[in-house]
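Per-chain numbering from 1; labels A, B, C, D, E, F, G and H assigned in written order.
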Amino acid sequence: MTPDAIRALLEEVAQGRRTPDAALAALKDLPFQDLGFAKVDHHRALRLGVPEVIFGQGKAPDHLAAIARTIVERGHDLLVTRVDAAQAEAVLAAVPDAQHEPRARTITARRAQRPAPPPHPVLVVCAGTSDLPVAEEARITAEACGSRVETLYDVGVAGIHRLLAHTQVLRRAGVVIVVAGMEGALPSVVGGLIDRPVIAVPTSIGYGAAFGGLAALLGMLNSCAPGLTVVNIDNGFGAGYAAARINALGAREQGA
Amino acid sequence: MTPDAIRALLEEVAQGRRTPDAALAALKDLPFQDLGFAKVDHHRALRLGVPEVIFGQGKAPDHLAAIARTIVERGHDLLVTRVDAAQAEAVLAAVPDAQHEPRARTITARRAQRPAPPPHPVLVVCAGTSDLPVAEEARITAEACGSRVETLYDVGVAGIHRLLAHTQVLRRAGVVIVVAGMEGALPSVVGGLIDRPVIAVPTSIGYGAAFGGLAALLGMLNSCAPGLTVVNIDNGFGAGYAAARINALGAREQGA
Amino acid sequence: MTPDAIRALLEEVAQGRRTPDAALAALKDLPFQDLGFAKVDHHRALRLGVPEVIFGQGKAPDHLAAIARTIVERGHDLLVTRVDAAQAEAVLAAVPDAQHEPRARTITARRAQRPAPPPHPVLVVCAGTSDLPVAEEARITAEACGSRVETLYDVGVAGIHRLLAHTQVLRRAGVVIVVAGMEGALPSVVGGLIDRPVIAVPTSIGYGAAFGGLAALLGMLNSCAPGLTVVNIDNGFGAGYAAARINALGAREQGA
Amino acid sequence: MTPDAIRALLEEVAQGRRTPDAALAALKDLPFQDLGFAKVDHHRALRLGVPEVIFGQGKAPDHLAAIARTIVERGHDLLVTRVDAAQAEAVLAAVPDAQHEPRARTITARRAQRPAPPPHPVLVVCAGTSDLPVAEEARITAEACGSRVETLYDVGVAGIHRLLAHTQVLRRAGVVIVVAGMEGALPSVVGGLIDRPVIAVPTSIGYGAAFGGLAALLGMLNSCAPGLTVVNIDNGFGAGYAAARINALGAREQGA
Amino acid sequence: MTPDAIRALLEEVAQGRRTPDAALAALKDLPFQDLGFAKVDHHRALRLGVPEVIFGQGKAPDHLAAIARTIVERGHDLLVTRVDAAQAEAVLAAVPDAQHEPRARTITARRAQRPAPPPHPVLVVCAGTSDLPVAEEARITAEACGSRVETLYDVGVAGIHRLLAHTQVLRRAGVVIVVAGMEGALPSVVGGLIDRPVIAVPTSIGYGAAFGGLAALLGMLNSCAPGLTVVNIDNGFGAGYAAARINALGAREQGA
Amino acid sequence: MTPDAIRALLEEVAQGRRTPDAALAALKDLPFQDLGFAKVDHHRALRLGVPEVIFGQGKAPDHLAAIARTIVERGHDLLVTRVDAAQAEAVLAAVPDAQHEPRARTITARRAQRPAPPPHPVLVVCAGTSDLPVAEEARITAEACGSRVETLYDVGVAGIHRLLAHTQVLRRAGVVIVVAGMEGALPSVVGGLIDRPVIAVPTSIGYGAAFGGLAALLGMLNSCAPGLTVVNIDNGFGAGYAAARINALGAREQGA
Amino acid sequence: MTPDAIRALLEEVAQGRRTPDAALAALKDLPFQDLGFAKVDHHRALRLGVPEVIFGQGKAPDHLAAIARTIVERGHDLLVTRVDAAQAEAVLAAVPDAQHEPRARTITARRAQRPAPPPHPVLVVCAGTSDLPVAEEARITAEACGSRVETLYDVGVAGIHRLLAHTQVLRRAGVVIVVAGMEGALPSVVGGLIDRPVIAVPTSIGYGAAFGGLAALLGMLNSCAPGLTVVNIDNGFGAGYAAARINALGAREQGA
Amino acid sequence: MTPDAIRALLEEVAQGRRTPDAALAALKDLPFQDLGFAKVDHHRALRLGVPEVIFGQGKAPDHLAAIARTIVERGHDLLVTRVDAAQAEAVLAAVPDAQHEPRARTITARRAQRPAPPPHPVLVVCAGTSDLPVAEEARITAEACGSRVETLYDVGVAGIHRLLAHTQVLRRAGVVIVVAGMEGALPSVVGGLIDRPVIAVPTSIGYGAAFGGLAALLGMLNSCAPGLTVVNIDNGFGAGYAAARINALGAREQGA
């Protein structure tokens, strides 16, 4: 039941064509979202530049392509995550101007008009080259959600001077995403150097007692650097989305 | 906003004292449950004989006593679970006719009128005497929720003949709750003997590699007896509540 | 030793052709099930419409086909779960009218006469499209066991309004199966909306700290919604079987 | 070596009293933080209103009291977390105007001048009354770090309408902290209702397969609501600190 | 229904006072163990010298004392495991000649006549002095079950020569129980030195990553010494019982 | 240094050709096993009929074939476990009369003369047809180690009457091996029916929360049936070897 | 059998009073360690200054005191770890000049003459003040084993500049022990700064998902800094002992 | 900024061409490592003979080949670990004289001049032939880092005499690496026999409850042999690197 339908119902009551009791019964099981949720969602998409996001993993290529075409035809931005080669081929056939990033396993396409990005960039830091796919997923997601993004890659804690050499880059970021596998120590060090929000992303990189990212995850959750928050193992998308949402707060305040 | 408030609003529209648009705005953020959820809850309580349930663990004795008094004063049945001695003393001072079962750690009091119980009893089976507190919590909960309950205690699988000697009891039950710690094998055996719904309750009884009930929990989840469902470790309350809900289905159908 | 054999033995005693002591010796190791278990099983199959169920995983295609042919030749209904393509081909060659559902990985065939289904449907709810194979296994199992089934798919908790829009569907079910992976939160929400038995099925959908369904399993076991019971990860069959068994209680009471 | 010391050294070089090579040797092991880190820390404290924080657990009462006295004497704000009764008594004797919140296990004292709080409040939501100590630790920390805080307590997912009745409160928050034990499903539902940053705090509330908060932690990490980030089990301090840091971004942008 | 009752029933059939059909009906649900199980259990007790065993943990002292008195009054041997001081005092008051071993947490009393012990002793080996309570529980259980027992204590693998100095003792044993905590390596070494059955008992001795005996348990299960079998953590009783059962095989064969 | 070499050394001392001090020096680092261990091993092989055992997994086919050929050329019995098809082909080419059991993944060959088997058979019981590879590995190992073996397959606890119908078979065994996956409950039931040693083998059969055999392993370790011992997951070899070793005790006593 | 006994035996052979065959028989089961192991141990104690070490936890105070008195009476150095107050009182009564360090839970006493310590100190680094008990146990152990020890406490990674300010201290160490709880990241950073052996000690400090030191342990095992080795959680003794053993290598080479 | 650049800056100050304040500003963000870290690294490479190490796993063959070529062209030694066949082919095409060890999955090439190796060898001990790939990775790494290496393979604890026969080899080592899977008991035994540093490497060899090396890892961490340190599962590289670093201490002291 849409707001229009509710208004029509109320008009009938106003015109005496429906009794208050009959209207009450009709309203009783009113689906909640019809009262305006969809509109709110729409507002959010416009304001934050959040695209429609599809989790590609496990979806049939033709199915994925159809969803993607529908989205861009409605004039929405497109972000597909966790796509493999066959899926990418199908989606690019349907949306020829889309961008496929094999390393990040993403496909993006621009359709919507975007507001100006927040004043500070999101910074994506990663510990080793093996963490790049997750870091890139975070970067592309944050960009798709409307933030500018800078990157600082391959600055693991075992060579801490590489990180310390870039404190200027760290300090100009609005939000920092730190991606690390193995022992997951990098976010603690970064969190101690700056006073901006830090989102830690454990990756499944490692072997033996890394237990598929568990070691890095536990390390990040137990970080002694206050103000750190954590997302799921390999969840570059979640980190990028959260970072853009946080980064947009400043812009929103100014515009509010 | 209660149904009465909504009716009042609709009356205003009918009487022209409020425009449909103004009413629409008032309705837009209408809390969902005010459209009838409370009434549904009330109906359920009457039909199933479900009392108001309080999880006692960690609550201050005087706080608990105050809640209990309020419930019985409203004419509702009372069920408090996980009470210790100090809590029990406080509640009994507030509700002198309440029943305290120290082994099951429950307090109950009757106030509401109850429908006739479902035709078949809920049967609570347990493997060893150490499982009795959980079994008793299940028994008292199922009774408080309106079912008759029978029990078959101390029939562990290592002496399977003890169980097999009571197949008649097993077969006349409407729903069977099986409580077991250690290896948690009893529900599988019971589930193979009867065709009624079986709810398995792992207990934290055991030592060493029992890991606080984990062994029993995993055993029950992996049971080769189809039709078995499982609740949390030591969750006699959950099992008794679910069993009574299932057992009431038959009664409901007849009256529907 | 069948009941007939026991009767023959007793006849010999009655006729003085065998002494009571000799008969006692013969009875002493009497296999238990020969006293009537098989008959009970037979009764159950007729009353509940429970088919003969084969767990296909790991069985050789020709072996599986032979078992399936034997079952339908005896006039029993057939349900094979966890079949792959090669197994399906072999079974369909042996039982040409059987139905293969690739997504649910099931094969079914009807032979037996069925009683009327219980008055209320089993409702299968699932959180995301990735949970569909498990949800479909639950649906087909519950149908094979004699219940009508309705479905409510893709109503995850992150968009709670999608679920709330369908409360009518939820309320007309006799039993509800809720299938969810990732954090496994959907059963808690559903369990709070209705007063019917709810069976939760965790799926292995997710990545990282989902740990193959462990996160969803733990979430469901710890649900704060009372009356919820849980089955093994990805165990759509177990949920469908238990739901049909529970749903049949109402029908049975009426016919008893 | 402070910046002043470095300047002095450079003056000596300029005046020819020290050769460049000798200065190079003196600089070679220059401690990094002396180049300005301490000043940065100072700046941060002023700008964010972040107090000096002490983790009280395990510290001797008299030791704790001495640290606390030193902090307030330097004119800094004080926040002590995880204090027990004996520690609190000692600290209050040393800092008589400090505030002790037994439920949150915190002690706070105001000394520093604070900037105006960010325009939107931090909202702390919790699922059950047992989660209150953690929620209160988050609330007090966020306030001590300069944000206004609102609370929405006891709105668990099993009664989802209680939450839905307060969507207005949810929407006016700048950042939302969601505290939940047991299955930890509440953050997923909240994350689906609003577009602000959401920080999830699992608590160790529960029993059996809750495994000391593990179930809630895994549930939150696997949430299907994008944009959610997570902190350690029972880490109300970490959530409050991160939320205030995020919430201050808007204020900072305006003042920058 | 006892064998006597069955015989009476058959006599009635023989005398024509009951028809075969009526007898069949009476037999149909005959409890299985009444056909002779109890007698078998009795035989086993005589032949193996197995006493009645009570798991003391968690039982009320007076309850425990009553059970113990009943057992010895029936002329059975008594073995109570996991008793604490209060329980021991109560049992000793009821059975004054019973033996209490505080370190092993056992109480034993002799009543039954015993057959000669098997020709070879059970040998109990333990790694460190902290493992003694479990080793002693194993020793006392094996003795109570009719075997002679020798002990070889404090021979951990880090000083392998201590063990090698006692190969004569190892070789004259019929069955060897090896008790070890920490890394649990001792059974592997013992299993490589002798060709008798070896039962490994992990203990919860250790700290940190010993995880309450898990490390020792996994070590023993993965032993590269063939022929090793394992019991639960700290389960000295189970090991002693199994060892005596195995050790009695030789004696039985000779007498068979 | 062989016993012959030691004897030669001692002869030199006796003949005055080597001083006692020089002989002492030569003996000081005498390798331990040269004092007779190899001979003991040889004795064991003759007495128990234990073949030379090779763990095939991961070995190169030609390497495996060469080892196998060497063993049979020395006149020893051969047992290879965990062989795949390629390995089997290579071994059979080298030892043409060897027996390959694909399901059990074993190869055996007879060369040595064997003593008469122990008087009672080893009984291998298994719960489901999926457990057959492990059960067969146990059967072939026990046979290769000199015991007669009987089998009782497909008698899971969910149809307990199938097991109870075969109590005669259970009772005539000397040692019983029980193989089960999923919840691993069968050994508990068997252990309650008989008084012979029972060795439990968990298998990795199952899915979801079976966690690769962990559920069955924990179930067996926590069994309430005393006298049960356990081996590693899927370790049919270890169970068969231990069972034969135990079963040989009776025979040994008679011959000692 | 001591070397003297062997020599006596050989003398008998030389004198013709014992035949070579009789001597061979006597030697056959010669305990291995009697050939010189004890002497080796003695040598090691002198050369490394390793004291006799007693793990105090769980030992009776009087028992512990008796062991301690015996050790010092033999002229050996004493090191008791994990002592509580009652144990310390008893030991100090027996060995009045012993040193008790309550924080480290150690007691030490000097008796033996010591060689000069190795040229470089062992450095003990720890992350937070809560890690001090473990760090101190490491320090005292390394000193008792003959090394000089320096300490660098409270230099956690969240304030990395505190560590970087002390690189001179790090570089003059022979071996570095790094003690850290929570996320355990400090050893990775230290390992990247120096080229000396680094031993990492995880502590059980932390809460929630620290899981009693598991997070720190996994972090250290997965460290990306090569050359790092790890000991058990809270095992300051093991780290101190290993560090002293490593540190002594240099001294030994010079003296060899 | 290199030391030369700093000197140039200081020269400018000395010559009055730059004020002290301007120089201070230029120095303020001076990257830390430019103060000499690179030189230290260079020194370390020369002194320890540590090659440039590349972790090959997951890198593209052509990428890996390019890195390798660059390293040898700079005159550095090369060590690539975890290479597969395709990677090896590419690297050997780029560096034709490199050595590929397929079993150890390493590639090495010599370019740098090496100091004399430390006086004692590193000894690599392994338990079974399946552990060889990890043992060989350790051996090749230790050699590449400048130590001589001896090996003692296939000496598992179940045949402890095989190990004891080689005590001479054990005693002449400077550092011992012990590689073992399954129960991981070998390092404890070795650690009890010698007084040199022992580094334990758990391997993922085993099945069932070996849990991918977890059993061996826990066994080693809980070893009762003091002085043992542990590296990650299958981390032969880490063990070899640490062993060479430790072994070089002696050599360094002599040269210092």
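Throughout what follows, contacts are C-beta pairs under 8 Å (C-beta built on N, C-alpha and C of every residue); 3 or more make two chains touch, one makes a residue touch a chain.
These numbers come from a predicted model, not from an experiment.
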item: Between chain A and chain D, the fewest steps along chains that touch one another; value: 1
item: Interface residue overlap between copies chain C and chain D, same or different (over half shared); value: same
item: Furthest chain, CA centroid comparison against chain C; value: G
item: Taking each chain's C-alpha mean as its centre, the one farthest from chain H; value: B
item: Between chain B and chain H, centroid-to-centroid distance (C-alpha), Å; value: 60
item: Whole-Å gap between the CA centroids of chain D and chain G; value: 40
item: Chain A: positions in contact with at least two other chains; value: 29, 32, 159-160, 164, 208-210, 214, 217, 221-222, 226, 232-233
item: All chain pairs that touch each other; value: A-B, A-C, A-D, A-G, A-H, B-C, B-D, B-E, B-F, C-D, C-E, C-F, D-G, D-H, E-F, E-G, E-H, F-G, F-H, G-H
item: Touching residues (chain side chain D, partner chain C) in the complex; value: 127-128, 156-160, 164, 182-185, 188-189, 191-193, 206, 208-211, 214-216, 218-226
item: Contacting residues of chain A [partner chain H, same complex]; value: 129-130, 159-162, 164-165, 167-168, 207-210
item: Residues of chain C touching chain E in the complex; value: 3, 6-7, 10-11, 13-14, 16, 19-21, 23-24, 27-30, 32, 35-36
item: For the chain A and chain C complex, residues of the former touching the latter; value: 29, 31-34, 37, 57-59, 202, 204, 212-214, 217, 232-235
item: Of all residues in chain F, those that touch chain E in their complex; value: 32, 40, 44, 48, 50, 53, 118-120, 164, 174-175, 195-197, 199, 217, 221-222, 226-233, 237-239, 241-242, 245-247, 249-254, 256
